[in-house]
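Structures given as structure tokens follow.
In what follows, chain A forms one complex with chain B and a second complex with chain C.
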Partner chain A sequence: MSGRGIRQLSIATALVLFAGFALVFFWVPMDADQGFKQKIFYLHVPLAIVALAGFIAGGVEGYRHLRSDDRRHDANSYVFIHLSIIFGVAVLITGALWAKASWGHYWVWNEPTLVSFLIVFLLYCTYYPFRYAIEDRDRQARYASVFAITAGAFVPLNFMAVRMADSLIHPRVFATSDGGLPGSMMFTFLVCLAGIALLWVTLVKLELLGKQTSGQVSRLRRALEAEGLGGGQEATGTVGRRIAPNLEAQ
Partner chain B sequence: MTPSRRAFAAIVGKDLRTELRTMRSLPAMVLFAVTTFIIFRFGLDRTALSGSLASGVVWTTLLFAAVLGINRIFLPEREEGGFDAFRLAPVDRPVLFAAKATVLFLYLLVLELIVVPVFAVFFLQEWSGLVPLVVILAATNLGFAALGTLISSMAVNSRARDLLVPLLLLPLVVPLMIAATSATAPLLEAAGPSYDKFGTWLLVLGLYDGIFCLVGYAVFDFLLED
Partner chain C sequence: MFDAVPNDDTGYVFAAYMVFLVLLLVYLGILGAKFQRINRDIGRLTDEVESGGDPGSAEAKSGAEEPTGV
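The block that comes next holds the complex of A and B.
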């Protein structure tokens, strides 16, 4: 992947996000029941949807890595999960704020969506200690992919089980018997969802680009060092692997 | 017998024989569970339990005892070169997964055969719920066995094995625990067992078992490559 297109993508992200929040603050009608504080919905729900979709996409990339043995898929899987965890922190914070505003408590145990999200979040938090406890790079990539697939299969199952365990008090805004969201709210919500999704994609691209650049830099540095110390010796290191210059060869 | 089945029987037999001779896992699991009951007795300050409290205590205890067993299930393979030997053998890799999951299932069954009666003697006034409980125990064991084998084989080749097994396993078994405790609670009511949503929860357990048996079977190949 190259850095081309990242400027346009960033501009598009900024525009859509800006438009979304402008709609949230100045255009969309106030919620009759909750008033102004309901507007956190346009941030909280898109963040949650994008984070969960990112976790699932991480599982799909893990599967593709195992199928093709191509390290780029592993890098994608890692970056997807990484950014979804960061989005997950934001989901939990905005969710707690909304819960405090509308139900009076920061944490509500009989709210299945909140609890399932926390379980999923805690599971994905173990991705880092797991990944970095494995030294061999190939094995690390393979095991991380297995983790991503297992956890990806777990996400829907977990949501189902937690939801079954409790009564439903979460607002079911999209499919309720009395019609769900009015059109203007739905439109604003979709703009915000698109904005947050674009933000996620931009950040993914940036991080992948950063990884690629630092890989290139270290490859160049190794080549230079091999030139200086080994007298025109060919640098044979693979991407991302640190290999000490061979001093014996002189 | 096909070569796969022969290999399966050989691995299960080897593991059970080793366990019988060395007693490395099961006695520790049983001791741990019984001691945990005593801690619950004082922690909750109750001498008799029923309903959801009884179900919570028994499942929490079984879960943590199971973690002890799951931690060790692949240890001999790694330390004594069992993995290398298996890689050399001309058998399908998932056979090892199936064999280890079976062994883990049997360990958990033995653990429960000892520990659940002890729990009943300690805390329960009404024992008739223990008969249908066997079904829940078996269905939950299968989930533990599939997921435990998968997690254990992932963690055994890392530096932080003892730490990673509970860390990875606990969030993953939350749905299993929800279903198991919810199905068990009405069975252990002081007024005698009732079957509130018994079938629904059994279905959830079955779905969970099915999914993680399949996932484990499918990805196990990649955990053995070297």
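The block that comes next holds the complex of A and C.
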């Protein structure tokens, strides 16, 4: 993944998100049951879907890294998981606000959908200490890939288990015998989902571009030092070295 | 934090969308700072190459000039 097309992608993301939120507040009808608070649905559910898909994509990239030993896949896996955790924070906060408005409580511990998402989120929060507890870069990348695959496989299993469980209060709006969402709500939801997915892709590309560039700067620094130039300033090439794979090997 | 949210539907909806916006802006701010650091690093490297590897003169030059965009 490179930085090509980031400007166009950013514009497309802004347009689709703006269109989606405009539909939410100015076009789609008010929900008969929940009223205005149901508008949180168009933000909360796309964020949750994109975050979970990002975790799975991180696992796929981890698998590709183990297969090819290409550090770019490890960097992709790291960035996918990193951004999905941030989206997960937004899911938990928007979900808590919606829960308070609908149920009167910010959190309900006997609701499987909420608790299962929290378990997935906390599982991925251990990715950072797990990864950076290992100093050797190759071992770190390999172990992180194994983590990403294992946790990535857990996500759909967890989702299926929750779907099979008897939900107490969390709504099931897709693929239900009650008919699911009306057409206008489904259209608005899909536009919002596309916008959030585009936002995730844009941020992934920006983050990867940063790591790629800092890796190039580090390589350039080393080349200059080998040539007998530079070496006077420690600050050069430190960007991203501390916590993230910065594609130095590419 | 949650106690500050108004106790009606509009407040919760507004708060949810604001949380999303704030998180996005904070993340973009962090990314922007990272790109600025890269930009400064590239500027220093360029100065070092142009000054033939004399860190002192490169440092003086990099301090005097604004870095170019990445």
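Criterion: the second predicted complex is superposed on the first by the 216 of 250 C-alpha atoms of A that agree within 3 Å, B and C clash if a C-alpha of one lies under 4 Å from a C-alpha of the other, contacts with A are read in each partner's own complex, and residues count from 1 in each chain.
Here, contacts are C-beta pairs under 8 Å (C-beta built on N, C-alpha and C of every residue); 3 or more make two chains touch, one makes a residue touch a chain.
Note that this is a predicted model, so its numbers are computed, not measured.
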Superposed model, chain A: greater residue contact from chain B or chain C: C
Touched partner set for A:Ala133, first chain B, second chain C, both or neither: first
Contacts of A:Ser184 with chain B and chain C, given as first, second, both or neither: neither
First, second, both or neither for A:Asn110, with chain B first and chain C second: neither
Partner chain in contact with A:Ser68 - chain B first, chain C second, else both or neither: neither
Touched partner set for A:Ala153, first chain B, second chain C, both or neither: first
Touching partner for A:Tyr143 - first (chain B), second (chain C), both, neither: first
Which of chain B and chain C A:Leu47 touches, first, second, both or neither: second
Shared chain A surface residues [contacts with chain B and with chain C]: none
Residues of chain A touching chain C in the complex: 21, 35-37, 39-40, 43-44, 47, 86, 89-90, 93-94, 96-98, 100-101, 106, 199, 203, 206-207, 210, 213-214, 217, 220-221, 224, 227-233, 235-240
Residue ranges of chain B in contact with chain A within the complex: 150, 154-155, 157-160, 163-164, 167-168, 171-172, 174-175, 178-179, 182, 200, 204, 207-208, 211-212, 215, 219, 222-223, 225-226
Chain A-touching residues of chain C, taken from the complex the two chains share: 2, 5, 9-10, 12-13, 15-17, 19-20, 23-24, 27, 31, 34-35, 37-38, 40-42, 44-45, 48-49, 52-56, 58-59, 70
Complex contacts: residues of chain A adjacent to chain B: 66, 119-120, 122-123, 126, 129-130, 133-135, 139, 142-143, 145-147, 149-151, 153-154, 157-158, 160-162, 164-165
